[in-house]
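Note that chain A is present in both complexes that follow, paired respectively with chain B and with chain C.
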Partner chain A sequence: MTELLDLSTSDMASQIASRQLDPVDVVTGLLERIDQREPRVHAWAYVDRAVALADAKAMALEAQSGTLRGPLHGVPIGIKDVFHARGMPTLANSKTMDPSAIYEDSGVVAALRQAGAIILGKCETVEFAGMGIPPQTRNPWNTQHTGGGSSSGSGVAVGGRMVPAAIGTQTGGSNLRPAAYNGVAGLKPSYGAFARTGLLPVSWSLDHPGLIARSADDLDLLFRILGPTSAATPESPANWRFGILRDFFFETSAANTVAVVGVALDRLGGAGVQLADTPLPALFSAHAAIHHLMMSTEMAVYHAPRMDRHADTMSERHLTLAQAFSLVPAGYYLQALRARRILRDAMLPLFAEHHVLVMPTTPAPAPEGIESTGNASLLTPWSLLGFPAATIPCGLADNGLPLGLQIVGPPGRDDLVIQAAIAAERVLGRLDLPA
Partner chain B sequence: MRIKPAVSPEEAYRYLSQNAVMVWGEAAATRMEPQLQSISSAMAVVSALEIPDEIEPLFGEDIDRAVRS
Partner chain C sequence: MTELLDLSTSDMASQIASRQLDPVDVVTGLLERIDQREPRVHAWAYVDRAVALADAKAMALEAQSGTLRGPLHGVPIGIKDVFHARGMPTLANSKTMDPSAIYEDSGVVAALRQAGAIILGKCETVEFAGMGIPPQTRNPWNTQHTGGGSSSGSGVAVGGRMVPAAIGTQTGGSNLRPAAYNGVAGLKPSYGAFARTGLLPVSWSLDHPGLIARSADDLDLLFRILGPTSAATPESPANWRFGILRDFFFETSAANTVAVVGVALDRLGGAGVQLADTPLPALFSAHAAIHHLMMSTEMAVYHAPRMDRHADTMSERHLTLAQAFSLVPAGYYLQALRARRILRDAMLPLFAEHHVLVMPTTPAPAPEGIESTGNASLLTPWSLLGFPAATIPCGLADNGLPLGLQIVGPPGRDDLVIQAAIAAERVLGRLDLPA
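So, the complex of A and B:
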């Protein structure tokens, strides 16, 4: 049982393909784990036991006869409850959503099913994946702490060893933050890399479907299924050049985070990775304001009909946000879009000397309590710019909670980010997840 | 609301809070004060930026196409 729960997505897929592992045993084992841990961590909004077991039985027979649907044949995956999936409700942690509504598969879910994945269920989310009501989800490393958000359940389901991989989303920091807080790997790909059809939006210009998984190798496997192109040949690790963003990213992080990430970078340097500090352009200081105006305006526009029809069932927190955000003047929204463009132009030269940039994923580990899902400030810049970003665990904070190393690449070079994450993970190792 | 000359956070906040009362009413406007503060700060930052005349706003996927081309 323990062995099954510790398998990465890639190892699980290869063991099923080679018939060392039966998909029925996989699904049964993960459902037992969910039964055991779910009452304490609340990662799942919906688990489709009967369909998952039926799919597993069908795929077990297919595997026995040598037929594999794809590279994820028989591998269970969790889906953030803002993506539609056939036969499952989409509730987005909001009472305004109709639990009886019937949906077709979202683009991401359809691609996963085509690759042979078993959609195990829907993972909890902050209300509409925004800044509304957080779910009751708790961190498996310490249930007194948040599991992060807004992809709360996706992070906790993987970190809690209930599923080897899950799909999240990121508009600010919602995918990589829960990955880092739960001690696992995550990828926010380049903007537009993964399909957004069938995804409830927060902000069309900033939303990124993302990956949370046990290992950096899993990010590679899943990106090859969901991404626009296959990942490129890996660079030789000894030739990696990592630029360290000390401005802002280290300056605004807790001393303990700086120390833990610093030790990880020293280990990478010791393994041959070339490391050099890289200054940020002055315009970078405007990134949070630009992001705020874009995200606010688009969120208010999307939720305008819902505010009109369902104000009585919408949480006051979400309603207040949407009302306030509707007041951003149009000229300021357009000015923010123009500013994003010049900020991107100012940031691209950072990659002239470095393959990727590295920094902490979050300024501190998961905060105590579940009212806040944590600080997204180190993640928002890359959501704004659409640059691909990954996180891998890089150590434990003084309080025993995981911290992440964030790796960022130029737009469209998801392959580079994933291969850098794989190279770094081989040096730093993976964390042993909570029992 | 003007963009240039640049607005201060206080000016932006006054504009937003007056509009909040008009659009959503007194009670809602009071409730949304923290959000209006954060929006007005963001407006002041963006208002102060010098953006070249030829820069057009890009939406969604357009921005990736522009950078990659």
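So, the complex of A and C:
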């Protein structure tokens, strides 16, 4: 039973489709595993056992009669608790949300259901997926450490093998950071690639629904379901050029991270990937200031009207930020938008020479404690620019926790990033969670 | 000679193309007329006599040998002095601008030249086409009155028969107001329809390059040159339904304006046009506040960085506005953008019942004096929403000054507005400037 629960999303989907695997066994097994593991890691905000089992039974019958709803028929998926899903509360780790409110499916959930997925439950999040208080979620590799965030539960649920894939979001580093910290794959697609209807916003100019899954193949499968129908047909990554971003990304990473990612890149080079260092434009240094101003200002605009009614139930941290950034002059905000356009134009030429860019996903593995969800500094540039970025596990740090290799492509070319991640995963392998 | 100088743009273009008319005679005649009339009306910021004559001579030779550069071959056009044109200064009625600066053609000017137009000169404008000081421009119908603004010179140059067509801009009411005040036709196209490269911005979310010309046919000709290549093919306006906006547009107009426009609508009805009153959604009342906040804030963002260097040469009026609105919080601005989207959604259903909407262009004719360029209140709603709007002359007020009929269509359907203006002009006729 253990083995089937450790399957990738793609393998689970194909074994259900070929009737080697019964969705009822999958859901029953995962619910048992959640019973065992959840008390230590707190990945789930809500699990709908009865509905998940009923769905599994219906889909098992359908599969037996040869009817598949779509490419995810019978595969359980976890959803970050900032997306609405029919029949489930949306709490966003905030006491301001009404647990009895009734919602329709968000765009992402509707597309997953259409493809046959079973929505297993809602995954824990940092308050409003922003800069508020983190959940009680802990890293399954070492529960003394954070599972990352803000898609904390999505990362830990997949990393802890409680579900083969989960949906997260990334506005700064919220999707790829928990994927990397938990030793699994993740994708923040191009800005606008996935539907944002029914998603509570942090900063609408920067919010990206994203994927966390066991393998890079799963990113491909899920992107075909959630991505634009006009997406490019994947090319073969044979003879692709990978540009290594030493500036900033390696320079600000821990020595041990640099060493582990360096070994991984050497293995890729040994397997025939063309690797070359590539410098960043000087303007790149502005990215963090632009990102912070845009994100905080839009967050404040969304939450400021709620402050009066909900001041007593908002966390101090969230309330303070919403108050402070509601005073930002419009000119600062508009100059930040303008600076982003200029930076984007300065960055695009990197892709004339390289198919994708590679760098560490985080400067260090998951930090100890759960007060902080870790460092997002290597991820925010791509959230700001809207370029697609993936992470795959690339080794263990000297404290035994996973590290990720981040792969970035030009906007709209999610296919390049996903195919590069698949190719790199073939060389580097996946990580197994220690028993 | 007088008659040829009073030709519409379309008639002048076709007579040049058929060699009935020589571009040299046209330019010579117009320059003489400018010599006579300009000292009383101050329409022109810059006229390039030598280049215009040289262009005319070259194009006369080409026409004689059967070569036409495009549909405007040899036709002189005036350009509002906020668009850059090669070989001419851009002053924008501001002492902060450098008269010796060298510019490339703006997108609009380049497209006109490509079509064979002769750029006769730059037309006077209110300071930076915004809320600053007006130029010395006066109305050729009665020089005690304003010629409108901010495209003051474009309106007066066409209305004063010193050029058959001119380019203006509209952010509030700056293109259709001077067209109506000077008894000629005008078009503010759908937002984004004409290129804004090489145009000094007022408020980039609201700025529309526009047309002022002798007849509605000219709007059609010029729109085909400057508009998107994907624009819809014009349909025939037979049996079209015109919705009359009594709310606000007639309610806030002077009794005499209501009477004159009412007579014009009766004539259209008598000619077979289907007319029916149609109410505005309640939300419409928010339009002025949204427009003012967006326009002033974006204006301040553009000009605030120039305040330090140029405070001594900026007008007090412009400087005060730029200072005040640079303090608007980003949240107010972003809520205004959101409110605009909601208002737009509330307004679009009007076009399910009516092909176009009709109303006065201004609540009264051009006011006395040149301190104010008049009332833009009936024009700003369409600048805010980006819907295409045209004006044609529809009669004279009891003080002998022209009044306009405004025709508005759904976004992207400039063809409906232009064809409706042509059909209405056939019924109402054009106005002749008294000698």
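The rule is simple: the second predicted complex is superposed on the first by the 424 of 435 C-alpha atoms of A that agree within 3 Å, B and C clash if a C-alpha of one lies under 4 Å from a C-alpha of the other, contacts with A are read in each partner's own complex, and residues count from 1 in each chain.
Assume a contact is a pair of C-beta atoms (placed from the backbone, for glycine too) under 8 Å apart; a residue touches a chain by one contact, two chains touch by 3 or more.
Remember, predicted model here, so these are calculated numbers, not experimental data.
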Query: After superposition on the shared chain, which partner residues are touched by A:326: those of chain B (first), chain C (second), both, or neither?
result: both
Message: Quick check on the superposed pair: does A:300 touch chain B, chain C, both, or neither? Answer first, second, both or neither.
response: second
Query: Now for A:54: first (chain B), second (chain C), both, or neither, which partner does it touch?
result: neither
Message: If we overlay the two complexes on their shared chain A, which of chain B and chain C does A:259 touch? Say first, second, both or neither.
response: neither
Query: Does the superposition put A:334 against chain B (first), chain C (second), both, or neither?
result: both
Message: Going by the contact rule stated at the top, is it chain B or chain C that touches a larger number of residues on chain A?
response: B
- prompt: A:346 contacts which: chain B (first), chain C (second), both, neither?
  reply: neither
- prompt: Once the complexes are superposed, what residues of chain A are shared between the chain B interface and the chain C interface?
  reply: 326-329, 331-332, 334-335
- request: Would you mind writing out the residues of chain C in touch with chain A in their complex?
  value: 297-298, 300-301, 304, 326-335
Field: Residue ranges of chain B touching chain A (in the complex, touch as defined)
entry: 1, 3, 15-16, 19-20, 23-24, 28, 31-32, 35-36, 38-39, 41-47, 49, 51-52, 55-61, 63-64, 66-68
Field: Interface residues, chain A side, partner chain B - complex
entry: 190-192, 204-205, 283, 285-286, 288-290, 292-293, 296, 316, 320-321, 323-329, 331-332, 334-342, 344, 348, 386, 411-412
